[in-house]
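The next part holds the structures, each set out as structure tokens.
Both complexes below contain chain A, partnered by chain B and then by chain C.
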Partner chain A sequence: MESILIQAIVSGILLGLIYGLIGMGMNIIYGVMRVVNFAHGEFMMLAAYICYWLNRQYATNPLHSLIIIVPLFFGLGFLVYYLFVPRLLNSEDPEMASFLVFFGISLVLSSLILIIWGADPRGIPFPFKRVSVSIGEFFFPLGRLIAGGFCGIVILLLILLLFKTYLGKAIRAIIQNREAVSILGIDTHLLSAFSFGIGLLLVGLAGGLVILSFPAITPMMGSSYTLVAFVVVILGGLGTPLGALLGGFIFGLAENIGAVFMPTSLSPVIAFVLLITMILIRPQGILGEG
Partner chain B sequence: MSILSAKNIVVSYYGDISVLRDVSMEAKEGEITIIIGPNGAGKSTLLKTLYGLLRPKKGSIIYEGKDITGLKVHEFMKLGLAYVPQSRTVFPDLTVMENLELGSWILRHDKKKVNEALDYVFSFFPILDEKKNDKAKTLSGGQQKMLEVGRALLTKPKVLLLDEPTATLAPMLAKEIYSFLVRLRDEKTTIVLVDQNVRQAFEIANYIYVLELGENSTQGSKKEFEGKLKEVIKDWLNYDESH
Partner chain C sequence: MLRNKNFNNNTLFLPTLAILGLIFLGVIPFVVTPRLSYAFYLMFWMVMASSFNIIYGFTGYLPFGYVAFYGVGAYTTAILWSRLGVPIPIAVLGGGFIGVLLSLIFAPTLRLQGVYFAIVNLSCAMALRIVVSNLPEEWTGGSLGVSLSSVYKPLYSYYLMLSLLVITVYVSYYVSKSRFGIALRCIREDPDAAEVLGVNVVRNRLKAWILAALFSSFAGGIEAWHTAIIDPDSSFNLLITTKTIIYAMFGGLGTIIGPIVGSISLYVLDDLIWGKFPLLNMLILGAMVVILVIFFPRGIIGSLTRKYPSSRRYVR
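Moving on, here comes the complex of A and B:
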């Protein structure tokens, strides 16, 4: 029992890192633009399918595919920003308008993937020689260890960006006061587009790493990851990038520890229970300001 | 010589209702120009338009002889202007130092210049140096105002626009801000000051504009206003002798 629990905790932390990465992307986008990216999970799914496709075509290791995913999704963020967001921010009800636009994008992405790759679950041959590593009496799946470790490094780099560079400080500042940033000589559109690029880059990375951690991807998985992003963001606090990391850990741990005590079929319920509990007791999230 | 001026500007927030109707003003180089008037006269709107946050429907903004009407807000600091709005604009969860660093955004590629700029600001407001590692939200109201003003000074602007910088400050602190503005003028910075503390602003002013209901009412040099200030402000609603 004890060893199962320890294994669940480690898995939970590893998963939490991935969830944190997904949520941090969503939170940067929301914080900077006050736009909710309802297509967040679908963007992640797109990245996963691109990694799948590269693997089929060129037998690329998903970790190597990330070299393509990073610039591609960063650029996609710029494109999506300039195509939609300035118009949304000028509309009379930006939040409602952004809901419609990004819900639309999520449908387009899901359908696109369905058309190109069909409805059957897809997977890639495991790219490493061993499936799991044992430490003492414990066994850990290697895919998740690598994915989690990789997320950890990316999150560290992101924190360095946010707290040590001018650009990152400007991102934290624009989250707090958009107009004040513009009067200091900072181009808020360019900064927002950059932030959208970062947001999609993070979720793109998560997509590539998910294909390492889970055996199969399907055109339906997008919405469940959008839900993950929501739960993580609401747990940690809307618009606070570091909150999402915390939310990721809580969700990852709850899911894995929950699975020890409950049938797996109940695990989606955990997301909703966490979501509702948080909204009832602290709607602004753990690190959010009320 | 005029360094910044508004020529016959018409400004509205939305629709046909004009908040400024044919307003003109100019700031002379190295002087303190004050804009006074009752609440809702359009003083803040005028400053926002001078700094590009609002685009005039008619008329133009001229800076150093060039028409800068319609330029994007983020271009203004590069031109040598800076603006401290009436509303709070510190970034509360960033440290004092981080707030200041963002004020030096346009200098960011030149570390030496940034450090010089920081020293320059700390020479005016030593308290900011003492508290540089504290989050801005832990500062008192007066200190936050100093941070906003300091943040606008990092680029050593030629023209500084200030909207009611002393509105919420205790009298002692307000006095400090006014003597700071005088010092800044002595260093040849042009200042455009909107203020409700009419008497104190008048003390340091070179030139005065009075706005009423979105229109120029009276204007003149300090000398021309001497003695008739009371008369000018007599009819303003809400005017309180104790101000």
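Moving on, here comes the complex of A and C:
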């Protein structure tokens, strides 16, 4: 029993890192431009499918495909930003309008993936020699260890970017007060586009890593990851990047420890119970303000 | 004198239109029997879009997990009838009752606003779907669902849906004209200002929420009777919320005939697209949401009344 619990905790933390990465992307986008990226999970799924496609065509390791995914998704972020967001920011109710527009984009993306790759679950041959690592009496899946570790590094880099560089300072400033930042002479559109790029870059990375940690990808999985991102973000606080990391850990742990005590299919409910409890006692989330 | 005449005209306009529509829908079963189901779903979407309009169009709360009420209505009706032997009409009423109960359980989330509310409501609906598909199989039939084929009477369910449509449209007309409707619009524009002006925000939005839940869970129950089968995938399919939102928005939120016009025009279009290019259906729906929100956020009716302000009194 104890060893099962410890394994659940470790895999909860590893998944929590991935969930945190997804949530941080969403929170940077929301914090900077008050746009709820409903298509977050679909962008992640797109990255996973590109990894799958690269693997099929050139037998690339998913970690190597990230070299292509990262600039691609950063650029995609700029493109999506300039196509939609400035218009939305001018509408009557920018938050709600953006929510609906990105919902539309999520439908378009998931049906495009369905048309291109079909409805069957897809997977890639496992790229490493060993499937799991044993430490003492515990066994850990190697794919998740690598994915989790990679996420950890990216999250550290992101925290360095946000808290140690001038650019990060600008991003944190624009999250706090958009008008004040534009008065100070910072190009808010460029900064927002950059933040959108970062958000999609993070979710693209998560997509490449997800294909390592889970055996198969399907065109239906996008919305469930969007939902994960929502729960993570609300637990931690909407618009606070670090809160999303915290929310990711809570969600990952709740899901995995829950799976020890109750049927696997029911374990996501724990996360939702957490969500509802959080809303009742602290609607702004753990690190959210006001 | 002229004003007076005008006034008479526009009070008669909506009822006349409504009665014509009612007669049309009432005689359809005798004229075109094979298309009964088509007309049934047309009414179903009108009910969904109109009741959704009460909570989003009037009050400004976007329930993204709206499908939860529909699903709960369908499941309650099916379980009451098949497991407890309750006659169908009473089972449908029971579905509405449980739907209202569910709305009361979800009521604390109404203290959230904007996208926060939308996201949380969606999460609630997803959690509910997981709970329902994990309920004991003797009750819900597991992933296979429940069959109601032995009580399948399309004509009866057709007229039941027609009556529901009449009630829904009448109630939203009444809401729109009443003090209650004005209170809801105030809440939509600025809840704090509404509170200051003496509007009981909590009570009014709760009433709107319950109304929206009631009609959609009735619609779910009657639809379960009409299709004679339910299962967790179709009863908690997010596409139901999606279509409801798009239909209501396309017509024009916050008006009475907006959701009706939107449902008719898009349901017909959707059916054509679905028949010709089933794969492209979702793609087109998605692209349509993007285009609608960016270019026509007010929908058909909203854009018309903006262009011709004098037509406003006919649609509100």
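By definition in this document, the second predicted complex is superposed on the first by the 290 of 290 C-alpha atoms of A that agree within 3 Å, B and C clash if a C-alpha of one lies under 4 Å from a C-alpha of the other, contacts with A are read in each partner's own complex, and residues count from 1 in each chain.
Criterion: contacts are C-beta pairs under 8 Å (C-beta built on N, C-alpha and C of every residue); 3 or more make two chains touch, one makes a residue touch a chain.
Note that the structure is a prediction, hence the values are computed from the model and not measured.
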item	value
Room on chain A for both chain B and chain C (clash or fit)	fit
Where the C-alpha centre of chain A sits as vertex, the angle toward chain B and chain C in the overlay (nearest 10 degrees)	90
Partner chain(s) touched by A:F272 [first = chain B, second = chain C, both, neither]	second
Which superposed partner A:R282 touches (first chain B, second chain C, both, neither)	neither
Partner, of chain C and chain B, that touches more residues belonging to chain A	C
Touched partner set for A:L100, first chain B, second chain C, both or neither	second
First (chain B), second (chain C), both or neither touched by A:V108	second
Overlay on shared chain A, then closest C-alpha pair between chain B and chain C (Å)	15
Chain A to chain B touching residues, read off their complex	166, 169-170, 172-173, 176-177, 179-188
For the chain B and chain A complex, residues of the former touching the latter	51, 53, 72-78, 83, 85, 89-94, 98-99, 101-103, 105-106, 108, 151, 155
Chain A-facing residues of chain C, complex	62, 108-109, 111-112, 114-116, 118-120, 122-124, 126-127, 130-131, 133-134, 238, 242, 245, 249, 279-283, 285-290, 293-294, 297
Contact set on chain A toward chain C in their complex	36, 84, 87-88, 91-93, 95-97, 99-101, 103-112, 114-115, 223, 227, 230-231, 234, 238, 263, 265-266, 268-269, 272-273, 275-276, 279-280, 283
